[in-house]
Amino acid sequence: MAHTTWFFETFVLAKQQPDYRLFHPLYGYLFNSYYESEGAHLARPQRGSLSRPTVAEVMAYRAHVDESMRRMLKEPLEPAVAALVELGMQHEQQHQELLITDIKYILGHNPLHPAYDPLGIGPQDVTAEHDGTCPPLDDWLSVEGQTIRMGHQGPGFAFDNESPSHLALIQGVDIRVALVTNDEYLQFMRDGGYQRHSLWHAEGWDWVQTLKFRAPMYWQPDPNQPDGWGHYTLQGVMPLTSQAPVTHVSYYEAHAFCDWAGWRLPTEFEWEAAASRFDWGRRWEWTRSAYQPYPGFARSEGAVGEYNGKFMVNQQVLRGASWATSPGHARLTYRNFFHAPLRWQFTGIRPVRSRESA
Amino acid sequence: MAHTTWFFETFVLAKQQPDYRLFHPLYGYLFNSYYESEGAHLARPQRGSLSRPTVAEVMAYRAHVDESMRRMLKEPLEPAVAALVELGMQHEQQHQELLITDIKYILGHNPLHPAYDPLGIGPQDVTAEHDGTCPPLDDWLSVEGQTIRMGHQGPGFAFDNESPSHLALIQGVDIRVALVTNDEYLQFMRDGGYQRHSLWHAEGWDWVQTLKFRAPMYWQPDPNQPDGWGHYTLQGVMPLTSQAPVTHVSYYEAHAFCDWAGWRLPTEFEWEAAASRFDWGRRWEWTRSAYQPYPGFARSEGAVGEYNGKFMVNQQVLRGASWATSPGHARLTYRNFFHAPLRWQFTGIRPVRSRESA
Amino acid sequence: MAHTTWFFETFVLAKQQPDYRLFHPLYGYLFNSYYESEGAHLARPQRGSLSRPTVAEVMAYRAHVDESMRRMLKEPLEPAVAALVELGMQHEQQHQELLITDIKYILGHNPLHPAYDPLGIGPQDVTAEHDGTCPPLDDWLSVEGQTIRMGHQGPGFAFDNESPSHLALIQGVDIRVALVTNDEYLQFMRDGGYQRHSLWHAEGWDWVQTLKFRAPMYWQPDPNQPDGWGHYTLQGVMPLTSQAPVTHVSYYEAHAFCDWAGWRLPTEFEWEAAASRFDWGRRWEWTRSAYQPYPGFARSEGAVGEYNGKFMVNQQVLRGASWATSPGHARLTYRNFFHAPLRWQFTGIRPVRSRESA
Amino acid sequence: MAHTTWFFETFVLAKQQPDYRLFHPLYGYLFNSYYESEGAHLARPQRGSLSRPTVAEVMAYRAHVDESMRRMLKEPLEPAVAALVELGMQHEQQHQELLITDIKYILGHNPLHPAYDPLGIGPQDVTAEHDGTCPPLDDWLSVEGQTIRMGHQGPGFAFDNESPSHLALIQGVDIRVALVTNDEYLQFMRDGGYQRHSLWHAEGWDWVQTLKFRAPMYWQPDPNQPDGWGHYTLQGVMPLTSQAPVTHVSYYEAHAFCDWAGWRLPTEFEWEAAASRFDWGRRWEWTRSAYQPYPGFARSEGAVGEYNGKFMVNQQVLRGASWATSPGHARLTYRNFFHAPLRWQFTGIRPVRSRESA
């Protein structure tokens, strides 16, 4: 919360309101997570030992900034300022989702496995999968070879990495309506998926060997379950739901699974061409597209220009959204991106099969 | 040499010749650099301390394998075997180039800066740049927006990553006939290129800050030169040739330079569309395309299937060839690939400018 | 608190009270900091992310154990059990001191430099030095060459590493009544002490060069002070008191300072022979004795035998106590020990000069 | 050889001979292994890639220095210069031994296990153990409690760390005539010595767990041997000789073995008091004494003062000599020192039992 508040203070209030008073001269240093243009920032490994400012002080900081923002919003904003305010809100929505995934990570790696929401009052990370409405596993949509228009054409908000809109050429493929399920992933595991190097990227194989992974993140052996596994959820440790979409897999695992199954991951172009025809939004779906700028992409001037462009190397694009994404934040053209080994997001796998194998 | 010899012994002789006798039972372990299918291999950091087998023993190994290969080649080969022999020769050509770049690396990092070829008898890594034939720096080729056919269409040899041939859509751009010169790169350096974070990828900026780089690899300050720099070459330390193409830059540096100049790197599709219209082959040219499989790519069965596909994540494509590439090894559709920070190859920068900025 | 509570639960209650019920089956795993005999323990780097059990749960754990201990202590204890109870209390006193030094470390490395005790209500880490009662700096005590009896001779409590009592031979030396002051240490700094390799151990020099230390821990440049420095204390950042004993120095720094001054550190034998004749107890005093077992030392059986003996390699002995040591915990024969580079304790320097230089 | 030659050039010729011409201006940088006073030196990890200067160039360097030394030695030397020449020769003797241990390390870690001396022509690291003259294992010498004179008193050469001669007090102990044998060490291994944490120092246990050691360096399982083991020697891989002294053990292993056997290692004072009564010189014998200066020790002025004193922290003393020590280099008062985990020297274990357990 302090970091998203800092965004409004630094990029909106301090720059637009001549008489704005910084809440604390050092908060910029503390809560600037990585914007190089805005001066020094605290090294990441030291953040874990920050016991101050306290929660109460951070809440007072928020109230101070909220008050100034409220006053400012009573007047009409210039378009450039309005765009920054909107960016600040979108940025905060992103961190709302990260709060959920971070809480799950911290509690899920605590030896006590404490439940975040034992009564299941809040949004629930497995309930959706309990209702048995998984689409048929053999339902494939045909995507014809075509030239399609990609990217944001909106009037609405979009991040800079979704522009400019442009044409892309895709070949004909089939894309599956259902995401890969826990049950399908268990078959991969039982068939030695984590022990067969030929299925993996070279660096994925090093990753599996070094870290000794044998299952998705949060899975733990449970001899009391018929399938031998349980998994940590925000409601605590629970049995797997066999038809629920597998989640918390890395790009390496998503690739190896597909290789094993005779499928592959979609490119982000194929995904965008087909997504209006299936339900998406429960899992961030790995694509096999590396995160690169769209043709004609130009980064914005100044610090907000650091938002997306500077990460366009050595990451993979994920499309869609997850159940933890803030309402209203999802978009068909949205381009999320993560490093290949990361698994703490609610990631998933959507298979594609090339037309010739159909 | 032992490693390329091992390739012929393992993938050709041991599999095709029933009575072939391994030269030494442990050589497979010593000289298998990474093929997982072919059993254990020596960890990379320990290779530097291998004083045995001696040079004489490796030459005897080579003679043993050459003799068996010669005998085998007297008879007609089945097509699958002939393909493996050709792959073995192409593999050896790749290592011939790596020998040159490795020798340059080892001698160039020796405090004595010993020259490899002080008399300039062999192929020379700077002579070509002395003759002043650098194309004009303002000569740009126009590449129209179009759908082009990419990749290998045979009949000659190509690596699996150049297939299948397929259509790609490109937008109109201008691509420069001349590579970026040392003189242009010096302007970037003098203009604070290595100190301005806004020009760099986030991880490129970390790389520059951590390793304190301020110039391409092999450059060293020389107060006796008008431009203040010298560079190590295989002929020893020499002054820079201002119109020679800059080399030994990482992908991060190539990107930052282009950002500074208002240009960008080409995609590998743009490059392939235009390359028949300019001279290439002196530098491996960084593209902004991540190394991904072509649509419909399928890896080969068995160990040779590990050749290319398993590296298709977190690397960048380089196109063209360098002066150190073996004669006959270069191809318009050739896809080389390296990690973004690497600089010990003879890399270079070819600028593109988007049509709207023309 | 959870860890010292666990000590009583594990070594006293669970072993002595047949009907004792563990408060929580996983707490042993969470709060066993290093006793190998008592089963698995949480890896140290992961402790920082433990948000559960909560403070309230730890307090309930303490109340549960306190209640059981109180009931047990109503009956006479067998001597072996009484010894474990005493060990548990001494262990808790050690952690009381570590709480203070850890709090200072965490707050003192927070960019906001929050004061722990801004009003100076509790025990104060600089007040004692304000009263100007530093002993004269040229007051040296003569310790004659002699055979002295070292170590604990009872009847009260002592740790196993203080036994057995034995004879040691020392040569005649002079030992100073006053500890080295901030002012003296500043002279060392101004004379290039941190830049002159000849004063340092080889590994101390590497440490200084790598970590770029130029002053004791918690010192920070302050251009508003005549001596140019301030330092973080539990009351916040304050000016240095010139006559106060320097603190938060490593063994390497203590050694280098003495080498510069023409002095040396005392052995723990010299220290014990002389300490009854000077005031000690404000700083843990580095000695030049490595932490080794006394002649005839035998470790206790079982897990409590891990208490001291297993650390008797590659550490230095510190003698005395600091102002943060629990009342009643200090002893003339007490042997504290730390690794040479550590500085977060309240360490200090007492000089010795060899007789021949007197 | 280049490094020991550099010692004569730098500390003798360049300082004593006004007209001495340095063989090469950069050799000082290349071959200064760690003397800070003598300027910059090459970082240790980069030394492995030095292919130049060549062997021929180093031999020419040696000839150049030998020639100058020979000319100088025709005239009488001032005592200070003669002392430096003697120090240079002793330094070279030390490196002669290190050459043998380094060659064994490099060849012994080569997967081919090449023999250095397959015919056993040179000094042999196992022959001495073949003749069956191991002293009886139950032959213990009684060392009375006493005050003894320690350290060098000679007229002959000694390193600075052997001075000044001084008195030390020791308690009565028994010390064994025989070193610990391979057979005794095998009993420790079979009794779970490497799996029982209670026998080990805390950091020794971490070392064993992390590196997964289960036997001395150079031992390798051999199912064809009755005891299940072979070991690499300079003559190649051979069976163990059961009565030969175990070697290539770390301080941690020596300590754990003694703890298991109910014994302990001697202090260096006990060792020096008793050594004239047993044969020593086949193994460097770990002592339980940390490497500290003798009372009254003062380091020499200048660079040669870096020889020993700056290492006097966090190392253990070893006494005696090994079969690889140069003839004439061993001395009763010699103090060798190594870090606790190191095993590539020819180390051994001599047991002591405290008198009370006799």
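Going in written order, the chains are labelled A, B, C and D, and every chain counts its residues from 1.
We take it that contacts are C-beta pairs under 8 Å (C-beta built on N, C-alpha and C of every residue); 3 or more make two chains touch, one makes a residue touch a chain.
Just so we're on the same page, UniProt names per chain: A, B, C, D = Sulfatase-modifying factor enzyme-like domain-containing protein.
Predicted model only: the values in this text are computed from it and were never measured.
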Intersection of contact partners for subunit A and subunit B: none
Label of the chain whose CA centroid is most distant from the centroid of subunit C: B
Inter-chain centre distance, subunit C versus subunit D - centres from mean C-alpha coordinates, in Å: 34
Intercentroid distance (Cα basis), subunit C paired with subunit A, Å: 47
For subunit B paired with subunit C, centre-to-centre distance based on mean C-alpha positions, whole Å: 57
Residues of subunit A whose C-beta touches two or more other chains: none
Pairs of chains, among all present, that meet the touch criterion: A-B, A-C, B-D, C-D
In the complex with subunit C, residue positions of subunit A that touch it: 26, 29-30, 42, 46, 48-53, 106-107, 109-112, 114
Parts of subunit B lying in touch with subunit A, wherever the complex brings them together: 34, 36-37, 147, 166-169, 171, 197-198, 200-205, 251-252, 255, 267, 288-290, 292-293, 295-296, 305-306, 310-314, 316, 340, 354, 356
